[in-house]
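Across the two complexes that follow, subunit A remains constant while its partner is subunit B and subsequently subunit C.
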Partner chain A sequence: MNLPAAIALSHREQIKLLAGVLIFGAAALLPFFNTTYWLSIGISIAMFTVLATSWALFSGPTNYIALSTAAFFGIGMYIVGGGLPYLPFPALVLVAALAGALFSAVVGLATLRISGVYFVIFTLGLAELVRQVVAWAQHVMGTSSGLYVLIGISDQAMYWLLLGLAALVFLVGWAIGRSRLGFALRIIGNDEVVAVHSGINTARAKVVLFVISSTFAAMTGALVAPRWSYVEPSIAFSPFLSFEVVIMALLGGVHRLWGPLVGVIPFTLLWEFISAKFPSQTTLLLGACFLLIVYFIPRGVVGLIEDFTRERGGAIRDLLKRWTGGHA
Partner chain B sequence: MDVIIIGLLLGGTYALMAVGLQLQYGVARIMNLASGETLVCGAFGAVWFFTAYKMSPLYALIGVVPAAFFANWAIYRFMMLPLVRRAKNQGQLEVDSILATFGLSFVAIGILLALFGGEFLAYSYLATPFSILGQPYALNRIVAFLGAAVVCVGLYIWLHHTRAGLTLRAVSVNPSAAGLVGINVASTSALAFALGGAVSASGGTLLSMFLNFDASLGVIFTLKALVIVIMGGVGDIRGAIVASFILGLTETAVATYLDPGLTLAAAYVLFIVILLVRPEGLFGRRSS
Partner chain C sequence: MHRRTVLKGAGAAALAGPFGFRAARAQDATVKIGVIGPRTGVMASGAAVSHFPNFKLWEHEVNARGGLKMKSGQRKVELIEYDDRSQPGETIKAVERLAAQDKVDFIMPVYGTGYNLAAAPIYAKYGYPQVTQAAVTDQIDTLTQRYPGLFFVQGSTSAFAQSAANVLKKLKDEGKIGNKVAIVNVADAFGIELANAGRPIFQQAGFEIVYDKSYPLGTQDYSPVMKAAKAANPDAFVAWSYPPDTFGLAEQAKIEGLNVKAYYSAVAVAFPAFRAKFGNSIENVLGAGGIQDSPEIREYYRKHKEVTGVDADYWASPLYYTFLQILTQTFEAVGSFDREAIINHLKTHTFKTVVGDNTDIRKQRLARYWTVGQWQDGFFHAVSGVGFDNYKPVRLKTGWGT
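Let's turn to the complex of A and B:
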């Protein structure tokens, strides 16, 4: 084959790509099983897969914890809610992507040029800030705070759209991982001073990744807006969303592209159970889960798997060594 | 004139939460994202005390301050110290402590929701007018300001004129060098963290005399405290106090002339200006 090096895939990568296509293909079959309950869980899983994976694209390699998912998600939701009378739904999703990109670029340019915790602090209150500004704008314009999102989009269609978006996140993440940008980010995460001294434009790399990550959050918000036929600030800018996304990504592990997915699926199921059984203790339990993850599995489930296979791998190598008399 | 005096009174009370966070971040090196929740706990303690015993919320400080001190000491000792020991470098510690305190803030909100419910809690204490320069102001704001001033001045004297205060300042300047001259950095940091929590909680108690609180408000106060700390410069109490006045004035001006719902936006505007113009803060030293 005569493919340029950037596109040429090694044998391993071909297998991975095939596995990915098969998994997404299998996931796409879910709506045919005709169970509304599992389809609604499927939508949640697909939504959080996009959010957590795109979150980890930026926060994973750089170690900059972004707590702003809800801000961009809410912007996407509000653009669909407010724009439906004027534009068709697909166009609004694009507008939401654009708005998310622009806003995150502004935030990134203001905070990411300086290293340190400023970025985290800035993102901490961002959802609340946007909520206040939206509420104020609505108040000034004299509209009510809630918006009706009445559009005929079936749950199946929404599920497939989210799944498609998830596939796109994975493709983008994979492309970044292979690019100079991905390499630069890993160096920034290891040691930002080293990155600066090896001639990497650290600010640009960070801003670009933050914009990509936030754009996906805004698009997700736009896509799932029809799920709530009535959108209001407390739903769209809920701080829990940012928190859940961080938990799921950390539970899975942020140093592999597929890591967050490993966290999203069990956590969504667990969460479904907890919010049904203990509806009034959700905040407390969410916080407790989070602390357990931070203290006991800091590298996520993926980290645990890797440790386990390394031990096993080591044991096998030892055996081989003994077998061949130390020449393996 | 109204705006200036109300702004100064508010800013003075804000100084407590900023100084509390300053101690936790500047000395103990823990970026405490749950500091707003400590403040809300202090406020809820006062509300509970006032409705249960019908006594001045100032007496609630007698209970709130030691409770917050021990709770924060325990948080440092049992939750932060393991992270300090586990971290390979300052960056790792920062990420871990941010995540841990972020989780902690949700645990705290959950506990407050379970104990008090999700309603706004408020009480009316000293809501009588008091005249300054011929204009009436609510007496509770003035009392809160005076209370905050007493705590801040006391803390300043303690930090600058006692041996224990000197130890704290030494750790703030350079933890590893402080360790070399025989200071127990871990216990000093624990003390600073506990003290910071106690100061934040007392700020909550004083603020509750004229602001309404609900369980989810903590994050707003955390953010305001962080903005003040950054504006003032990390590690400098005087900076934090000056920055508190600036935030109090800006917020009051925005609430009066624009909309009371935009106070967080005011804090963000200040934050952006500081980031663009003077990222090391008003009193901070420019690092290389």
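Let's turn to the complex of A and C:
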């Protein structure tokens, strides 16, 4: 192959890429099945795939639990809600990305020197802080409390937009994984002191990842705003969103790029099942499910899959080996 | 239990169908009505007062009289209820589930402005009428044009602020109170909107605003606010407040002995819990909402308590019941659940309800409604509104009693 080394793909990577393209291609066909109900679940899954996967890009390797998803998601929503009279929707999504990146860079530079529980609490407070700032701004400017995003975007288009963003997250995550940055992050996650002593600029690495992760959250908020039609603080900055994203990512497993995805899908379906069958006991049953999950699959769905392939995958591996000519 | 058995059990349950829905159990003869609301999350406490109990009361009443009289004969109603957990994404999914999977005959409105607006495109897509109560907006014109099946049984924000200001202006013009007003507001959504709508009206009406402050949502200690307001020596006190602070401010006004002749606090004065907490000391307190006294409305409060076990409020609750009466009459007049025919009927007829004999939502909004109420002798009487000719006279507040 004549490609430069940085872009050159090994045989195995080519197969992975092909698999990724096929999976996303298959997912993109959902709207053609003409079932609006499943499409609405698909939209949920796509949205949380973006949020959970981009969350894990930062929190997975560094082990910093960030509860700031809602803060950036809300910023994205507010930029679309507030900016719609002045700019077209696609431009606003870009503005949201930019604003998310800028804000997270400032926040990251200020806070990523703290770690552990201090960082968790700070990020949790961040959504509330931004919410109060928005309320204050509305008070000063004398605007109405709710912002209306009345542009009709069909369910199909919404689904494809979110799916496209999810594909972008995977591409970025994959590129980071094979870069020097990704390597540095894995060292930070294992032992930050060792990383510093190896000459890694840990602060910079963490800020870059935090920015990437938060930018995607802001873009998701911007994309979802037309679907929710109405932006108000309690909706845009719901702390529940941050927790949900963390739970889904951890359920899947954060040490593989596709880990959160296998958390989001069963979680969304499980919750849909509980909501439909036991509408009065959703929270109770969900709590019980968490206990079962933590007890029986502590390493997340990824762990389950890896155990399975280790136990029974011998035959499959042999098959793959023959198929790929011994490179697998 | 062995781990594998647990997983197998869960797997079997999942295969049987997230997605083999509860509706399958319903008998053919019953009418399936979808009800979505927040059982959990930030909106849950409000919904527990005005949203869910009214649907329960309605189901009870309709079934007690043998069901809805439709063309196909009398049919009992069955509510299919989902929790949206105060998340718009969930509201959307729940409406889709009711429409596409449960294939219900009708879907009741959801709870909260943002949630109703998020769900509006789905109602519209399936053609279901969406008659909302818990949605307050200043964009009624835009929204009703966009969604021909969307109705509002609730006034606009500015109407509430204007009415409250006008009640005080009238008292001033009649020489019953002086021209000094103290205004406070909660620095959050609705509070900000009301404060901004009210301020110019007070200024134009010749009031001197002697105190004007906001306090953050979730404030615990209202004594600084109340002390400062009292020190400004106002004749009237206005709080654009929310449920937790409406209670906190009243408590503090009582402690400080805020001696104003008119005391107005926005959301939650109309709640039964407000009177339960303060008893007679809140006599003559003004607040958002209010209802005109009548034997029908007294009967409604009695039945509500008897059937649901909770007290109805004096604002949203009777309006919920109002649109349920409107819908019942519409279903029976149309004789089927033809969605287009129902919308047409709503746009061409008036109805006899607990709030009046000619209740009119033909223009996709309630034509007449009350905006300001006052606690008088244990009932929260309407003292101002939009579209009515006369109201119960406003009384002046004389201290906070004991």
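Just so it is clear, the second predicted complex is superposed on the first by the 278 of 328 C-alpha atoms of A that agree within 3 Å, B and C clash if a C-alpha of one lies under 4 Å from a C-alpha of the other, contacts with A are read in each partner's own complex, and residues count from 1 in each chain.
By definition in this document, contacts are C-beta pairs under 8 Å (C-beta built on N, C-alpha and C of every residue); 3 or more make two chains touch, one makes a residue touch a chain.
As the structure is a computational prediction, the values presented were derived from the model and not from experiment.
S.K.: Examine A:Asn63 and indicate which partner it touches, taking first as subunit B and second as subunit C; both and neither are also allowed.
M.R.: First partner only, subunit B.
S.K.: A:Leu250 in the overlay: touching subunit B, subunit C, both, or neither? Say first, second, both or neither.
M.R.: first
S.K.: Should A:Pro298 be classified as contacting the first partner (subunit B), the second (subunit C), both, or neither?
M.R.: So A:Pro298 only meets subunit B here.
S.K.: Counting only touches as set out at the top, which of subunit B and subunit C does A:Ala276 meet: first, second, both, neither?
M.R.: It touches subunit C, and subunit B stays clear.
S.K.: Would you sort A:Gly199 into first (subunit B), second (subunit C), both or neither based on which partner it touches?
M.R.: In the superposition, A:Gly199 contacts neither subunit B nor subunit C.
S.K.: Let me test your reading of the model: by the given contact rule, A:Val117 touches which partner, first (subunit B), second (subunit C), both or neither?
M.R.: In the superposition, A:Val117 touches subunit B alone.
S.K.: Tell me the contact category for A:Val133 with respect to subunit B and subunit C: first, second, both or neither.
M.R.: In the superposition, A:Val133 contacts subunit B only.
S.K.: Which of the two partners, first being subunit B and second being subunit C, lies in contact with A:Tyr148: first, second, both, or neither?
M.R.: In the superposed model, A:Tyr148 contacts subunit C only, not subunit B.
S.K.: Could you tell me which stretches of subunit A are touched by subunit B in one complex and by subunit C in the other?
M.R.: In subunit A, residues 132, 135-136, 139, 280, 282-283 are touched by subunit B and also by subunit C.
S.K.: For subunit A, which residues are in contact with subunit C within the complex?
M.R.: On the subunit A side, the touching residues are 35-37, 40-41, 44, 47, 132, 135-136, 138-139, 142-146, 148, 150, 152, 224, 227-235, 238, 240-241, 269-270, 272-273, 275-277, 279-280, 282-283, 292, 296.
S.K.: Which positions of subunit A touch subunit B when the two form their complex?
M.R.: Per the stated touch rule, the residues are 63, 65, 67, 110-111, 114, 117-118, 120-122, 124-125, 128-129, 132-133, 135-136, 139-140, 239, 243, 246, 250, 280-288, 290-291, 294-295, 298.
S.K.: What residues of subunit B sit close enough to touch subunit A in their complex?
M.R.: Within the complex, subunit B touches subunit A at residues 31, 33, 79, 82, 91, 94-96, 98-100, 102-111, 113-114, 216, 219-220, 222-223, 226-227, 230, 259, 261-262, 264-265, 267-268, 271-272, 275-276, 279.
S.K.: Spell out the residues on subunit C that touch subunit A in their complex, using ranges where they run on.
M.R.: Against subunit A, subunit C makes touches at 3, 6-7, 13-14, 18-19, 21-22, 39-42, 81-83, 85-90, 92-94, 96-97, 99-101, 113-114, 117-118, 120-121, 125, 137-139, 142-143, 146, 157, 187-190, 192-193, 195-196, 214, 216-217.
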